[in-house]
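The chains carry the letters A, B, C, D, E and F, assigned in the order they are written, with residues numbered from 1 in each.
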């Protein structure tokens, strides 16, 4: 594990704990954040030992979103020609999106543990995770509307598959703050924990449960759910048949069956 | 603002209030309704001053749906040849659909404020709005099943993205009535207000909040959410990057940032 | 009605009641189950008299999912060549999927009445039904993860359209058990009944309500909702216009209208 | 038939002949052109007597494309804010596209008869027609590249379905001129005629052949081909089954069959 | 191999030769034809020994298309209610389509050898084959337009992927006859042979070449091309990666490589 | 420009000439090839001065495809578990595909100049280019079928959009060799040149023509054509309207117009 400027990373019991680590800046997403998150999730993806990921924020908040000084800096790269500026901006946005695509496309499940502020870009980030859990003090807001722009790194693209359409529009148009209870009610988070410590312990428990399952089965399951977000039911059925044509020849089924018969916990190879 | 037979329209604080105005007919949707709604939403779309729309019904109900005499009249236009009748009916249905497409594709957010009956075609209509709010006396029912037909002006097409699949099927197959509390629970409305006056005041407040945001940001946000209803996540990311390539060059970001820094309310050009 | 090994089938009041009938095996899905279900739903589809279907389990549980001996038997059909084994497995999976496609594509609404265990393959099955209702003792779990595989006969393909994405992932990755109350909260079932008898009576009532509607309208409605699961809103609008171009020429509209005017119950031809 | 500034329109033998009529301007597409073409094709669509359309240019050329003064005028409508300019331009482009969509979506077959110049916007136009035929003196060029822009009213969207991908890219990147023989070879036109008079006579003959067929069959055929440009084979099969469910009940089949048996020419109602 | 009424079937050198065998009826497609073709292609699909299929017609023609008496018979099944008739017709069309889907989805390549008439339904049939070859006397025509209907068993759905859009529309709207040379020029057939005997010998040669390749490779190749007809390039790349993840573990690669090194002909297991 | 092991790269007149440079190995694609091509095309993409790319092979052939020793080496990375091997292989294939995606997604047009052998992986490569040109001695063959596998780095995915479906299937199933004349006839190449020197001069000329056009217009044109390969016509129209909303505000239009008026060659900024 390398050293990171914007993150702290641990690997315990086959679970990688990725902590956004700029607590004095409310974990605002600076330049280092956007590049390091790609490296971290590439490492997660390629390290067979890692079977699940927990993502949280250091200090009193999850994250206040993109660092405004980063936005300002993009502005300074623009010239006089609107067309060429547009090409520069388009590439920059695609580049930022790539950082959260690394989370979305990670082959291991990613669980967000959210407390305090989860604003703007932080919503884009947790929308790219598999599941979201929060503490009672969590506050969610789609803040992009208040800096005069449509959210462009994932919130408007991924959240419609997670929460209801009508409420999504209200939150995106008004930027109003949502608390923990409402977040659970609208499906934004799966469960609310009393405070940060209980939250982190609870989410780590769920991650460990997942880490004990067959990694072949977990990856297949994640790939299928990811696929269904954008494909038809008949295509999904054909895809899983093609996928399992190979995977059902894995030893993991025998290991799982044997454990099931003998009422013991199975041990799966990484 | 023109005079309308089936509507009453006001423009207050950059919010257009569109009222279905045939209270003695429970706001049944007659021929004038279907053509005037297109004109009204074209005006909304083209009038820069308008930034949000509230849609409600005059009298004791939102609307009882399509005027049955209009349906009967369509029948009189049919001849003997089943094939040519089918072509006539198909065009007529597409024509009616166009009226609610005008609502759906309006570039400004449309908020439905619903009280009393919201039946049949009225469900098709509110499904085409951005958000739905209701009074405690609201009653929703997909009534088309009871006149022997599959709903064909939007309910079966847009509602599956708004409420859960299982409940949608029950309501569509049985035509049973849903009250305000259940409507909220299943995501059909965002919030329930005690009575019509409170409802209208509450919805106008939300509309005014939206009207105070950057219109460039609001339109981009609406376009992105509309797009995601029918497109893949990766296409959506590419689309917003292309869109924002131009929009991030707008002055609204600077205005919003400056207001944010100085803790003042921003003023955006129409 | 033929005799079946894995099912018992009745036809009452235009409602077919299909019962999984291996109570001593917790209604595990054996070879007979997978072929007979296709025959049964072909019969349902082709018998005009049948207008709705109720699906339930005999004994104390709905079903414990696929019979593990069936899985084991598939293993014995494999040879040495991984590529040819993959082709064999792929065809076998597609064959099993076809059994639940018969449920999904049935032109009459299918209502699942669930009590006790509803595990693994049983979730795949009820995901292919139109609506789901359960008794208070119902227990749901996506058990495939615990036998080392990604679910491949429909759960991961159809459930994302029924329950929220975040909760689906938790259930699919962990295999944890969900009770009746939570099932209702996340939209997996529409309603919870106190026990099996009340459940069955309640679901039969809903089925009878549907059976009394115009069959032309019910089939059109089901086809449109099925279509929207995988298509765009604009395609759906065009499709229903084409569909209704023929169906609005049916006598059922006149029958329904006349009954509506005379406040009597309409009688529709099969 | 109304009078038009940019067109001349005739109706002979159930074939509408639409002539771009600004020969002294090489039939450049001015403001009148873009609005009148919508009116003309709405009339074509709604007039049952019309069964096919021939589109040609008056004078020595088909058309030199968009009138550059129109482009210049759009420029004058722009203000200082890049974001608001972008919204203005986007709407303007969509508006121009709507003019050629009227051709594309016309329910009757449209045959382009091309001689002399067919440049820039004229390629966009003929790409929206069903078939293209030309005289030996025809010259085609995707001229947009030479005014510094990507073609945005249909060439890049519809031509890839008509000519091969590799050649399309060469023509779009270089703007080079293609003569009649090459146009035929790459599938841009169906047939080359010696000169304009022979061309027009030949295309009118083909149009009359089409006009003598069952209009129900011709419209169905056009709708199916249009649909397949953008849909899957399985969706297309389902769509034509739904469409023909009504159309096969038309009298036209009996008329056609009877004529077939008696070796006579059938007469179909409009 | 069973006995068939409408076909004659042989298996030579791992190539199945399927002959439409009603020469005195110009191989018109009667009721037996539509059901037997499904049985035959199921047998082809399930018989490992068969690696390619050649489809031809007995007597002087390939086929004149659907037997008109079959069409007439469908008419007699219709009743008075337009809606119920539409449902009957829709199911009947889907049933006929299923016969040619059996050809399209067959896992082994299907080569059509066409001489004499290839009219109406026969075009639908050869559009569902992998490749088409013809004798110089071949005559092709999309005859459905002349019996007053849009072709509904595959021509309008599959042919647009095979021949150019512009020419397809001309042929579909006019029903005109295309000879062998033009058929080759527009891509309808791959090659023209002098007469039927030369044609059959030539096509059998190509089929034998295919039958000598690795069946794992041939099936994968066919599946990928079929998939690309309806899917995006990025989806296709992901699908082939998933497919080959299993298939590259087959022994066929080693067999093929070894043969390549030793300059000998490889022998692949069925 | 860096030094490469498998390539030689030059930049002349704003055209990058990329040469596969392993002539003694018939330009077989070894490990260095697959990684360096990504670096080269990233450099092409990011270097504003480059406006077009020509891709050719050093020595007597374009390329014989993937280096078989590379394939053999992948085999050595596999272990005993079929499921884990499948995951390894799937990732490896995706990795190889990424190399040609870098060509496909390059924002500048890429012109392939092909002489001698163009076999197996080389067809995958040229399918990812914008246009293909060849010398008379060129020989094309989809060789993957002869090493017992379905082509998986692009041929089966991209070629169906370039050449006709029927001929593609013949070439993919049989692996037969196609010469220059047939390659042109089926649309695989745009033009045939007498020998390698004339070919290279001719292709460089076309590249220079493109390099002299507005780079804003060329990139927009390429993006639109790439988009249409996988999207609907209506989506394409909306996308180009959004794209040009920014790009039409570029100075390039004024530069192009002014040059057009003054009959001079325009000079565009990079």
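As a convention for this text, contacts are C-beta pairs under 8 Å (C-beta built on N, C-alpha and C of every residue); 3 or more make two chains touch, one makes a residue touch a chain.
As the structure is a prediction and not an experimental result, all values here were calculated from the model.
Should one ask which of C-D and A-C has more C-beta pairs in contact, the pair is A-C. Of all residue numbers used where subunit B meets subunit D, over half belong to both copies. The two sides are thus made of the same residues. Work out the mean CA point of subunit B and of subunit E, and you get 48 Å between them.
With centres set at the average Cα position, the gap from subunit A to subunit F is 35 Å.
The multi-chain contact residues of subunit A, meaning those touching 2 or more other chains, are 82, 86-87, 161, 216, 229, 234, 242-243, 245-250, 252.
Residues 81-84, 86-87, 216, 219, 246-252, 269 of subunit E are the ones touching subunit C in the complex.
Of all the residues in subunit C, the ones that touch subunit B in their complex are 109, 130-132, 161-163, 187-190, 206, 209-210, 213-214, 216-218, 220-225, 228-229, 232-234, 236-238, 240-250, 252-257, 260, 266, 268. Subunit B makes touch with subunit F in their complex at residues 231, 235, 239, 242-243, 245-246, 249.
Per the touch definition, subunit C reaches subunit A in the complex via residues 68, 71-72, 78, 82, 85-87, 89-90, 93-94, 97, 101, 104, 144-152, 154, 156-158, 160-161, 164-170, 172-176, 186, 229-230.
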